[in-house]
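The following pair of complexes shares a single chain, chain A, combined with chain B in the former and chain C in the latter.
Entry: the complex of A and B
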């Protein structure tokens, strides 16, 4: 069902929703970019339409809202432990189509990975609703079309922000509320059908590609800074930390904290994939995981083509460029057979 | 030929090896100029000079080979430069057709700063221009430069007043993944102010230089930029008697404090300069009057803020040539 809301009505809607939900969206945080006098676009809580940064891709993905960077799993004393309380409220996340697809990948990893269900992830995920921000155009480095993540179906709401108003397509559950704040309007969702970057995915990967010299280039270029994995909406590796409080070492807490396969010291944690000292091997591991290994297990690719890895790499290393290199090599290797 | 050399020197000309021939120094506050000015400079060099310019160490231009007799015409030709690079930034020039009104206080130079450089903590061009507005025209012999970060590409350490950009790094422990990139890097390239404790990072503010490297290295924005601050290094100099590097006088102070201290320094010179000498350089005045006197007068009316720190004693060093 379609509705159009002016800015003020939309803010009224948000205020109504905030009684039940914590509402998050990409926001512009002034002066918090790494370089001076630049902004950071990242996820934050909002209470008005104006706060949503619609015209720029967020540097960090919304995954941190459901899977926090640092999460206390429990507090312990000598003889007991206690899990921290979780907020009673549900969560609304304004995000892009590719981001919703990324959560499907995380669900796979945290909720459907064999017998294991991650209760911490599930506790927040269960309560989460996505409001899709329709993409007005493809951003730099996006390749969602190649990854089939450009379209979404079965959403709670899809929004098209425009001059002082928002046009929305809403499901049955939210329709009465939107009807209260807006006017009925025709709304046919538009999805991105073409990116300036496209990626060809290799069907089969010969083991010769693992040993190919193409990875050597990355050994000299990649600085193992970890930005690509931190900004990636589908990277899910973590490490456990037991903290013993300084003034009372008999009490403490267990935390889980994001880890990155691209960073020194995290190699042992990424799930027994062996010791990858040089950065080219790390790059190979990351790329293969995103476009091959995950697929072998779950039937589709892990990468959603958001392009954040390329956006943030200080060495201008292109992940999509690397995938295309792998694909053309896969073709060649096949021909040689 | 009757030329008042004192007068032409104040007008930014100099006495050269060749009798009757002078050279003109053109200021470029902050070292950044509209390329349109280059046409004016080119025209002066071609019409009155020898068709060359020398790029000075203070980021100005010197046009050699100008006949002293042509000074009045050159001064008229200089008007668009005064209008474009001085009046335009708020410097009061009484008469644009008489050339530079003073030359004692040298061009305020600046590194490229945060319009380009990733390390810079602030816009150096803007600050250089603010300082120019504050202190020019002035006959006192003073050298000032501003630099975006402690890398000090402009060599603030060779100035009477060198302004070095700082930023207060702000840490959000919940965003930290403990990768230690900031810790290792701070030790390697900066001050070693960071260390890990219980998997999170602790910063020793006493050691921290405010270089912002930790912010640049952090993949998660656990470190972000807080307030901008400045460090002032003072009384560095080259020259014959006692060359030395400038040393830190104040750190973690605001831009407002930088400007006030700079203005106060001119008051100090006014009060203590030895007028029996043809000129006295500020560093030697401070040597004579003593740092405590300078300190007291420079800090008059200056708000240091909660983080501001000023040195009581500075072991300047350098070496004596006599």
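Entry: the complex of A and C
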């Protein structure tokens, strides 16, 4: 059902929703960009339409809202492991179509892979509702069309912010509320149908590509900073970390913190032995996971084509460029003309 | 919702030093373990790590733990009556039933003997279950030899051959040389009826398996166990992943044919 809301009405709607939901959207954080005098666009809590940064891609994805960078799993005293309390409120996340697809991939890892469901992820995920921000145009480095993540179906709400107003397409659950604050309006969702970048995905990958010299380029270019994996909406790896309180070493926390397969120490065992020492083989490991390994396991590709890894790389390494190199080497590419 | 990360407290029943840096801890734990599986062991405030179960029985498990890092350094200070926190067991163990009626050869390098100890203990007395059992074990030096008491007992029932890479004591009366030499020195193997287990450092597993292939053992009769960094044991943390395989879920025990396909 379609509605149009002016700014004031939309803020009223947000205020009403905030009684039941924590509401997050991409926001502009002044002066916090990677370079001096630049802003950071990242996820934060909002209470008004003005706060939503609609015209730029967020540097970080919304995954941190459900899967925090640092998450306390247990508070402990010597003999007791206590879980932290979880907020009773549900969550609304304003995000792009690709980001919703990314959560489906995180669900695969946290809720399906192996015999156990990750209770921490599930506790927040089950209470999460996505409000889709329609993309007015393709951003730099995006290749969602190639990854099939440009369209979303079955959303709670889809929003098209415009001059002083928002046009929305809303599901049955939210329609009465939107009807209270807005006026009925025709709304046909528009999804991105073309990006300036496209990738060709390899169907089968010969084992020879794993040892191919193409990866040496990344050994010299990549600095193993891990920015690509931090910005990636589908990277889900973490490391356990125990800490104790300085003023009472008998009490402490077990936390998990995001980990990166690109960064030193990811595979290192106690005693020092490790795997994938050179950055080129780490790049190969990451790229193969995103466009090949995950598909072998779950039936579809992990990468959603948001291009954030390319946005943030300090060495201007292009993930999409790398995928296309792999494909041309794989030699079994069927062009979709 | 059950929390799969929640460990339980397990009392330490005994601590038996094997070498200067390897201690065997027996814990009170009522869990069902398969040979080759591992548990996540932790101490609050110190950390958590995957450790293979070296032996188990009703109400107890044993782990032979080497002092190599932050967590194991602290674990080694613990004494009976103290406790560790554990969760698991995790992973796929050795296909023990498949070995019934066959010649089983186990080649273990260093602490690689720990994950197969329960197999040796199960079969050395019940040799009727197997056609034969041969244990080949290699250690760096005489002071690194694990399970000395058990080895002495096993030797009276099965073929056990121990070798050390080098003798720094001058008192070692046994064999000196790499484990590959023990393999090449084995008498004729009934290749159609033999299963092989190889556990040890990656380099040892590589060369030991090649030695068995020279003997005519088919690749699909060889079983190996991988050691990887793991933070969850549940297929979530990603550290142990190789290609599309999660060592914590599909391993740590692999048939050689599957292991050979994995590229780190």
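Note that the second predicted complex is superposed on the first by the 324 of 337 C-alpha atoms of A that agree within 3 Å, B and C clash if a C-alpha of one lies under 4 Å from a C-alpha of the other, contacts with A are read in each partner's own complex, and residues count from 1 in each chain.
In the analysis below, a contact is a pair of C-beta atoms (placed from the backbone, for glycine too) under 8 Å apart; a residue touches a chain by one contact, two chains touch by 3 or more.
The shown structure was predicted, so the numbers you read here are calculated from the model rather than taken from an experiment.
J.: Mind checking the superposed model to see whether chain B and chain C fit together on chain A or clash?
T.: Here chain B and chain C can both sit on chain A without a clash.
J.: Looking at the overlay, does A:226 come into contact with chain B only (first), chain C only (second), both, or neither?
T.: After superposition on chain A, A:226 lies in contact with chain B alone.
J.: Per the contact definition in the header, classify A:243: touching chain B only (first), chain C only (second), both, or neither.
T.: both
J.: With both complexes overlaid on chain A, does A:60 touch chain B (first), chain C (second), both or neither?
T.: It touches chain B, and chain C stays clear.
J.: For the three-chain arrangement built by superposition, which of chain B and chain C touches the greater number of chain A residues?
T.: Counting residues of chain A touched by each partner, the higher count goes to C.
J.: A:259 in the overlay: touching chain B, chain C, both, or neither? Say first, second, both or neither.
T.: Both partners.
J.: Could you say whether A:90 touches chain B, chain C, both of them, or neither, answering first, second, both or neither?
T.: In the superposition, A:90 contacts neither chain B nor chain C.
J.: So, A:81: does it touch chain B (first), chain C (second), both, or neither?
T.: In the superposition, A:81 touches chain C alone.
J.: For A:35, decide between first (touching chain B), second (touching chain C), both and neither.
T.: A:35 sits against chain B, while chain C stays out of touch.
J.: Mind checking the angle chain B, chain A, chain C on Cα centres after superposing, to the nearest 10 degrees?
T.: One gets 110 degrees for this angle.
J.: Have a look at where A:122 lands relative to chain B and chain C in the superposition and call it first, second, both or neither.
T.: The second partner, chain C, only.
J.: What's the minimum Cα gap, in whole angstrom, linking chain B and chain C in the superposed view?
T.: Result, nearest C-alpha distance in the overlay: 9 Å.
J.: Identify the overlap between the chain B-contacting and the chain C-contacting residues of chain A.
T.: Correct list for chain A: 239, 241, 243-244, 259, 266.
J.: Within the complex, which stretch of chain B touches chain A?
T.: These residues of chain B touch chain A: 114, 118, 120-123, 165, 167, 173-181, 197-199, 212, 215-221, 224-225, 228.
J.: In their shared complex, at which residues does chain A touch chain C?
T.: Those in contact with chain C are residues 73-74, 76-79, 81, 83, 109-110, 113-120, 122-123, 207, 210-211, 236-244, 249-252, 254, 256, 259, 261, 266-271, 273-276, 281, 288-289, 292-294, 296-297.
J.: Could you pull out which chain C residues touch chain A in their complex?
T.: Per the stated touch rule, the residues are 1-7, 9, 42-49, 66, 68-72, 85, 201-202, 227-229, 231-232, 234-239, 241, 243-244, 246, 248-249, 261, 263-264.
J.: Touching residues of chain A toward chain B in the complex: what are they?
T.: 31-37, 40, 42, 59-60, 68-70, 225-227, 230-231, 239, 241, 243-244, 246, 255, 257-260, 263-266
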